[in-house]
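Shared between the two complexes below is chain A, which has chain B as its partner in the first and chain C in the second.
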Partner chain A sequence: MSGLAARLGFARTSTAVDQAGWGHSAFAAVICLIYFFPVLVIILTAFKEHADALAVPAKLFPTTLFGLIPERLAFTPTLDNFVNVFSRSYSAGSEAQGTGFARFFFNSIFIAGSSVVAALIIGTLAAFGFSRHPLKGNDTYLFMILSTRMLPAIVVIIPVMLLFRVTGLSGTYAGIILLYTAFNLPFAIWMMKSFFDELSPDVEDAARLDGSTDRRVFFKICLPQVIAGLAATAVFGLILTWNEFLFALLLTGVETRTVPVAMSQTIGGDIGVRWGLLAAIETLFLIPVMLVTFFLQNHLLRGVTFGTVKR
Partner chain B sequence: MPVAIAALEPSLAFWVSFLAAGLVAMSAVVNAWGRYTGGLLVAPAIAVLVMMNIFPLLWSLGLSFFAYRADRQTMNFVGLRNYARALADPVVWDRLTTTALFVVLTVTAQMVVGFLLALLFSKQFPLRRYLLILVLTPMMLSFVAVGAFFRYYYDPTFGLVSQVASWFTDENFVLVSSTAGAVTAIVIADAWMWSPFVMLLVLAGLVSVPKHLYEAAAIDRVPKWRRFWFITFPYVKGLLMLALLFRTIEAFKLFDVVFILTDGGQRTETIALYVYRQAIQFNKTSESAALSYILLFTVIVLTNLYLYLANRRSTGVAE
Partner chain C sequence: MSTIQLRGVTKRFGAFTAVRDVDMDVAAGEVVCLLGPSGCGKTTTLRIIAGLEQASEGDVVIAGQRMNNRTPEQRDIAMVFQFYALYPALTVGENLGFPLHAERISSQERDRRVRDVAGKLALSHILNRLPGQISEGEKQRVAVARAIIRDPNCFLFDEPLSRLDVELRQTMRGQIKEVLQGLSKATVIVTHDQLEALTMASRTAIMRDGRIEQIGTPHEVFAKPANAFVASFIGTPQMNLITADLLRVDGTMAEIAMEGTTVRVPVDSAVAGLKPGRITIGMRPRALSLVSDARVQAFSAQAELIEPMGAETLIHARTATGDDIRVVLPRSRRVTIGETLHLVPEAGLTHIFDQTGKAIRA
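On to the complex of A and B.
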């Protein structure tokens, strides 16, 4: 993957930047750790018992490091929170019950995954169309598509709710997936179009002269060259839909509820928030999207620029 | 296929047929322009967008001219009265002011922090790949978790922020108890979450600067700040403007973090939260539709004004 990216000049991050001195490196590391600190606290809290999570002074170390760290700053890690995410007893002494979180995690993965894939397929086709077979008023279409992305969600939420209620899409997978697909489409189209525009048409022309059909040209020549674009689009679509809260809150039912909504319902009142539990949910929820981002990182820089930086 | 449709729930069957009909109609219309392939390729995308964005948008526009509540059946035409009422409402203006304040503060903070982070990452150093992911993580967190855990950090008794504050002051430190404090709290949380996005954009600009420009400047002994201003900055400017545009549009929609962190208390209710309350909690469907159209209009005017200014400036530079 990175070999392909380098060949196409996409992996500029590793080639075009200067080597930094030791001072810069150390400084960067410190700043990054400070920036990451709030996330680190969330992850640590996931391993704390309730009393430890509320301790003053805050217990920030999962171990005393053979007595190096004072006892009152260290806590004993526990996996209880992670178990409690999936099943716990709701009142003292009662049997542990399933919380439905396994289902919510499945929902999040299924809904975000399907809508990103759908947006990629539909968006790539449309982008290819816009790029290679321009319609009359091509730019007008493209601007209109982009402007749907500028809308405050709140403008469409009322009619979308009414629409979902009337058509019975409310609380179904189909409804929320369709909606998220529409969210991701403008970005997918703009992004993929900028990639298709940059491809050299010579190879395609040569293939056509040799008798290749349009379909063959698309699948065998164009598509393999825009893998970087597909990856970047997927990451951004995933980050957006993975954490989407407002529409999920209003349009998913008990069966199709996603993790962010379930998480907000776990918070409850001001007193008695189970921080450890909440942290465990978020930690589990963060892992998939973090992994995907890490593996597709090389394409991210180019992706975020919407193709505005020309090589 | 028709059998499969019949097996679905009636309402869903309606939708599947609607979608299919829409696709056929759409491609037929576009085909009439004589570009067979282009129309067919674009049709599915247009169909989804029309169904989920454009159609609700038009519906919402229609509703805003009626007196309608989602919990009742009556629907009376009232013309522009909903708009007049929204514009005359001092509460709406108050929420708009709050939103404007948040837009200015969060976007400024994000631009500054994002730019500084990008400068940090514009050089190659050990573990850069891993550290970059650490900095990007806030962007991947759920709004719900960010809101909740910033409440945890700000908590007057066990919150980390309060514990640090207690080293300096004996008083009980409650950040979100005043308007200024609550605004600061929200701005910090939101800026922390979205500065990495600005960083990515700026970084893309920074690494696109051709090296030979720096080498030439170094030979000519151009001072460092002048190098930055005349070589680096022009390459980053376009992307910085893009980041400004994206983040401003997003900041106008600021909802989730406020919803979880203060729930609009301490005069931090943004216009998005206000519209949400009017529409969902009080069922003032058509009034909130009118209000959201005012909001949409504001965003469109601001966006176009901004694009106009940005274009004029960039062509000015080119000349």
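On to the complex of A and C.
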């Protein structure tokens, strides 16, 4: 196969296609398309006029390709939806107003980012402690930490709401960040502990004999070895908090509202569900998580397959 | 002064005693090998010296100072680990420079010392690579280089060559010995390979079940084993140890009933003090000579298995009473399976052990 590719003049050193062969690659492409199709529909919808968004059969092509594609399957792309995300007129003929979505996007990024970073810092330190200096009843503590995630969120929502009301955390950044950090911590601790457990104790002994304090061993020797774990933990935590709806709905205020909550409040209005607008919000909402995952992908691959391959 | 002293060091893990009452002195410039079968406590002893384990009893004295309560980083020791324990996230150069952190020297000085030690162990070309990208032999040299870059109180090596192939092992053995000779530090090497122990050590300590059975120069432990265990552990092929009856001692000649015959063998004068009775007689496979006919000093055995080893041939023979005897003969002496061999223990190379296994020697 690679010979053919070379003769056709588009062979690089060794591509994924070279390794897998054309048949496998085509098969993988079809599978990918099936999985990606809903996302594709949302992204396409974001560029449609309201009428196009409602059309049956769905208009899947942003162009007629010089008449190759029937008129009824094509639509003319527009950026109106994206403009409307941030400012629009609420009734016909009235002045366009800011929708506050810039603020909501900032909130989502700030809240998810802070809670993931906090969970990573606290979780990594705790995991190192659990792994290297086990307490009496270490496993019991670990189980108790994990057990906080065993109750369905809906069960704890009322106590949490009361707690937030009493402490004045309701509607504040600190409150929701604290809550999300607590959500992410059990996972972060368990995940990072399994990474620390895998490290060779000899390496740390060697560092200690070479005159390193515990702190230096942790930062210089251990931490660089678990970057894959940090990346995987960060992405999982980010996706969890990024998508979180229930607690955000009940515990954030006007100032601290996140995108999922704001999005739900966009549904409805004078002309029914504005699918184009929703799709535009969703498309924008996808971008940050996709970027993070993309930049961490090399580490992630090792992180999520961790433990599945015996070294 | 770089010295190591162990005083009555004992280490217990729960009910299990890994190291029992070990006394050992390592002088500056001396290399002591701890040798023994798996699980004999040699690595635990090394880790106690390093401070990675705490002794349950006894004292660890390094460079004249009692170290029991000092942490590893306060002991100023350089150690080479069995699996090298290179820092995976640091380049070879950073690995080498890592121990210099505590010395607060300028970065130029640090670079100079890294380059020096890298030159000494032929690592200059791989300073920018990560440990995952270099060969086993190179990893080994990085581990040694990282140990010698400082000027520590003493050196510890834990099975330093066990991961290398035979050829590389020989080269590295020489290289490590050469490096150590130039440093005049107290050094302890743990190994289960007696060849390694005998070639690299000034003295070898043979351990069993947490005890040091004998400590002496390579020559001493081979020629004058303190007991039957050391005798069987040191030397390849293994020494023949045969249960026999001591009948009579006449000066330095003993009359011993073994293998259905009575042989007269020259023995150490101290054997005269032993009462007649059960003993163990030890004869190295190379300390048996073949004679053409049955005679008074000889016992006989039938050749069962012949293993050519190049210059010599190892013959497994069975005596009339069923003992397995190993004999090494020069290649020129051809033996066939089933042939009856008449063997004479060589004068002065026969070891007598009493019933407790202790060697009887003046």
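One rule holds for everything that comes next: the second predicted complex is superposed on the first by the 273 of 311 C-alpha atoms of A that agree within 3 Å, B and C clash if a C-alpha of one lies under 4 Å from a C-alpha of the other, contacts with A are read in each partner's own complex, and residues count from 1 in each chain.
Keep this in mind: contacts are C-beta pairs under 8 Å (C-beta built on N, C-alpha and C of every residue); 3 or more make two chains touch, one makes a residue touch a chain.
Just so it is clear, the model here is predicted, and its values are computed rather than measured.
Look at A:142 in the shared chain and tell me whether it touches chain B only, chain C only, both, or neither; answer first, second, both or neither.
After superposition on chain A, A:142 lies in contact with neither partner.
Taking the touch rule as given, give the residues of chain C at its contact with chain A in the complex, in rising order.
Going through chain C, the ones touching chain A are 50-52, 71-73, 75-79, 81-83, 85-90, 98-99, 101-102, 146, 150.
Name, in rising order, each residue of chain A that touches chain B in their complex.
12-14, 16-20, 24-25, 27-29, 31-33, 35-36, 38-39, 41-42, 45, 53-58, 122-123, 125-126, 128-130, 132-136, 141, 145, 147-148, 150-163, 166-169, 172, 174, 178-179, 181-182, 185-186, 189, 214, 239, 242-243, 245-246, 250, 259-260, 263-264, 267, 273, 275, 278-279, 281-282, 285-286, 289-290, 293-294, 297, 300-302, 304-306, 308-309
What residues on chain B touch chain A, complex-wise?
Residue positions touching the partner: 9-12, 14-15, 30, 33, 35, 37-42, 44-46, 48-49, 51-57, 59-60, 63, 70, 117, 120-129, 131-145, 148-150, 152-153, 157-158, 160, 163, 192, 197, 200-201, 203-205, 207-208, 211, 238-239, 242, 249, 252-253, 255-256, 260, 272, 275-276, 279-280, 285, 288-289, 292-293, 295-296, 299-300, 303.
Along chain A, where are the residues that touch chain C in the complex?
200, 202-203, 205-213, 216, 220-221, 224-225
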